[in-house]
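Note that the chains take the letters A, B, C and D in the order they are written out, and that residue 1 is the start of every chain.
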């Protein structure tokens, strides 16, 4: 599935860049993140508990940042697997200044496999969108704090 | 020594039913053995990936877990999953029962867990950690052929499994002299068989006796036994296969599966009885799929509607590996592509291709529904192009009844038929003329009635051994007990078809007994002589004939004994009412049981006769049989929503002589409704990553009771000359005849919108799009929604 | 961890300690050995596992054994007793007479769904029968003979009441 | 098809259930009929550590008239709603909707409270409770509060219920004379859920004018919603087939996030929302007219 959108964050571009590239603060924004370990430069291992209301699953996987062009853009690759299957996504993330604010534009593709794909199909796209919205909302509140 | 037909032809209610309607029958999952353990499989969530590592530590140490095994653990313990089909220059695609280095489809087993109960096994399976390196999946069969597409089997340079060609007559000349050439690309989508009973296997090994007993929900107990022995590398006499009650198959249990050989292996390896029961999800992922062919049909036609020639190119998506008959199925489409028409020149080219999906294989009809759909759709396209009635185009191209046996340019000999008669009967029964008038009237009101025809012929009674991958004969043994009760042992192991009844009817008539005197035994390799199985509408025509012939042997012997005792010519004796008597003087008689007793007591036997009363016959058919029929479907399309309402369905089938009309009706009804599933509802959808999106019944719709109107069935009877019973077979007729009738009806309903073809399933949204596009293009009728049939929805 | 439940199944009181997650259909099949109730899916869509719970048709695969505590249950094995004449229940007879089954796997669930229908609606029209059986999948019969079977039973039951 | 292990509680009273819910917090899931939760648990898409079975709280199973409204206990099954003579005469939209839920077996076990609290975007009841301006009562250790249906549905699978709250009752109005209602649904062919479900309630005033109208739509968006623009286009106007058709075109507001899946694209859903809204309105009008007569 294709994921595309933008989110306006209440901070300057540099501040946003810093936050997104700081593993500790990133961990606090990743929805359901229970653990994040840095295993290399821009490479983290994560444990996430993702879900929507009654539906939930634990995933362990990795986050990688690449093609970094501070403070303009980077690529983010997330993958995780769990009993319910696997999730995999890659997105290009672009930061655009808008006065004191920053517009984050993302576009990428995500896929799910296993149980999630075969029985959760009708909910998956929305779940992915909601997870992203949650992520940016978390980033926004981190920036405000 | 004439045979009275007191039971053959009668709608006798089934002998198997009392146990089934009271919950007293036993399917595999109903079996429980002391110390039985349960197997759960860990399956790949990836369509295409390399296995990096498998960590079984956590699973292994979970309480209640007896063993956790991976492909590496099994390495030399067993062979590969068998494929019985062989085609020239066919590539092999050997599949280990548990994946070793790579996985090639979602659902492929990579590890297994054995535990004391099914809950523990399920829990522990979740603890097995598999790391994969995902590879690019190949999902679309057309793209699989493209240059640069990833290759599934790295030992080869591309994904082509085989190419197969067939040509008869002068095709070039036919197309050269045609007034028109009709062309259409058509898709026969991938289907999931969904037998109501998922697969299940129980295995038990007794080392003292060196006996491995495997209970499996299978259509082919003997072939399974041979293959289990081969895969496990043990003498065949070690293996004993039992198919107890089998809850439907439709071809999906005409196979040898990884789970069957693995569970058998585990029973020997671990020394405990093992059970595995498939979940519906596993059934969707890892039991064979059906159809999945893309065809390009070209018909060379004369202006008057005569078909001069046919070219057909078929791309068959075989999936990642072969199951038992995978490569063979599309060739059946090729052989039957001419349908019931006299087409003098034919060329068929088939390309089988590997993709990262479950294997396709024989699913009810196996190759023939595809052929029938392609040719029947094409005939409607011809009619539309030439502005002729579809019935007339068909009639014009039928061979005449006197031309049978009729040789097709694909090399088959159609045994007997009267296509004109079944078409006439179907048109009359449906009141075709009136329907057309009604259609015209409704169209003026903005309502879209569609009338669809299909005249079909199928190839059944599989078949002469020369044309079959593993023998086409069938066995029967008739064993009469000293008390005069009769066992009929058949190799045609049923799974719902009712052989216990139909074969008892044959036996009762031949021996002058009552059906209650007869027990039909099947599905146990230790009891029943080697047989082939029930599939390809072969049970009655081949299995029934074997029974018939074995019965005549027993009867001849009994007549000789009775003749000896009565001092009469055996040829003048009649078997009836549990007696053997002189035709000219019924008072001169012997009870059937007395004659039988004489065979065992062996004091009054004719000189030189061996005692006992048992006969076996292995029947080898000289040809296939070719049942046929004509179907008419009437639908209304709701132009607002695209919903299709099936209003009427008329089927006139000819399956030769009928043993039990009740059972024949049941087969026809079931086939039609399964076909309705393909036409309107069913499709196995894999996404671009090879994930099976229709992975449960929540997303894969099979017909429900309210999707179906009352079916109107009738028969013509053209006996087959191929076997003494004159039967042809009926198990697949409905599935073969109905799909094109239904789609032809939908396309006919949409004709005012300029629609000439529609791929299956005829989804609502697709129809809605076609109508909308036509309306946007202008000059097309605008319409109010359907009135009639509003509440009979094909959901 | 276990919970003690007491259920009256086919007229007999049964008591067992069960794991809370035990599905009722597994309780019937694996604990009580009543294997006439079948499992055809895991998404409550096929109806093969239908039993009568306090007189109502329910899918026993979407029911925990603990939820059935205290209930009165009829499975296919106990249905004949409901017929009241010592033999088959009229719905069972209907399925036999009208060839309402082939492989038999959906049959127990189908029969019990039909029993509930006829309790509530003794003279159902064909459309009503088809609607009432929408929760039970059959892949063999095309449903027509099943409809005939239910109609047969309806007539027979009406005649019995007269 | 085997759920993960969990701890099980079967409270006999609401108070006990609330105490348990407080104690186990987000680790607990409430079980009513089980027809939303158990399928998820069997697939292990849900694996709660603790299940609180409300099924023994018989006090939550009733349909009764109170203060001009009909109160329905959360544990009332779809079948009970369907068969309730009180609802059939005074608020038929709920039975009409229950009739379209799942199949007999599902209706025999599934409950109105369980269905609403699960808030599946393709469930049937949400359309009806919206069209009825129903009140939803939530109990917690601190007492009860009443939510309006329109504020109850928050997002896919998400309601306004707070942690520690249990949905206990749904209250629907006794419909005034001259009111017709209808629920029309396009079924997902496999699961039977709503691709589009439209619930309409229409009261005719003098001179055949639409005095009051409400339309609830389910299946279309992540949460069920009221088609306010449709209602506005109808209210106060003389009902006619043409008017209904025109009003129905407003069934999907611009800002609605349309669902899309294997069975229906966003585009198709949107078009069907219009069609089924009109059909529901037509049926409701016909019923209102026949009652007027």
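The rule we apply is simple: contacts are C-beta pairs under 8 Å (C-beta built on N, C-alpha and C of every residue); 3 or more make two chains touch, one makes a residue touch a chain.
Predicted model, so just to flag it, every value in this text is computed and none were measured.
**Student:** How many angstrom lie between the CA centroids of chain A and chain D, rounded to a whole number?
**Tutor:** About 34 Å separates the centre of chain A from that of chain D.
**Student:** For chain A versus chain C, what separation do you get between their C-alpha means, in angstrom?
**Tutor:** Taking the mean C-alpha position of each chain, the two centres sit 49 Å apart.
**Student:** Using mean CA coordinates as chain centres, what's the chain C-chain D distance in Å?
**Tutor:** Computed from C-alpha means, the inter-chain centre distance equals 29 Å.
**Student:** Enumerate the residues of chain B that touch no fewer than two other chains.
**Tutor:** In chain B, 118-119, 126, 279-281, 693-694, 696-699 touch at least two other chains.
**Student:** Residues touching two or more other chains, restricted to chain A: which are they?
**Tutor:** Each of 83, 115, 119, 121-122 in chain A touches at least two other chains.
**Student:** Identify all positions of chain D at which a residue touches two or more other chains, and write them in rising order.
**Tutor:** Chain D, residues with two or more chain partners: 1-2, 4-5, 43-44, 190-192, 262-263.
**Student:** Taking the touch definition from the header, please name the shape of the chain graph: line, ring, star, complete or other.
**Tutor:** other
**Student:** By the document's touch rule, what are all the touching chain pairs in this structure?
**Tutor:** Listed by label, chains in contact pair as A-B, A-D, B-C, B-D, C-D.
**Student:** Which positions of chain A touch chain B when the two form their complex?
**Tutor:** Residue positions touching the partner: 81, 83, 85-86, 88, 111-115, 117-119, 121-122.
**Student:** Can you list the residues on chain C that touch chain B in the complex?
**Tutor:** Against chain B, chain C makes touches at 19, 21-22, 26, 29-30, 33-43, 45-46, 48, 75-77, 79-80, 88, 92, 95-97, 99, 101-108, 111, 126-127, 129-131, 133-134, 136-147.
**Student:** Give every residue of chain A touching chain D within the complex, in rising order.
**Tutor:** 52-57, 83-84, 115-116, 119-123, 125-127, 130
**Student:** Under the stated contact criterion, what part of chain D meets chain B in this complex?
**Tutor:** 1-2, 4-5, 43-44, 186-192, 262-265, 268, 271-272, 275
**Student:** Which of the residues in chain B end up touching chain A in this complex?
**Tutor:** Those residues of chain B that touch chain A are 45-47, 106, 126, 134, 281, 284-285, 687, 689, 691-696, 698-699.
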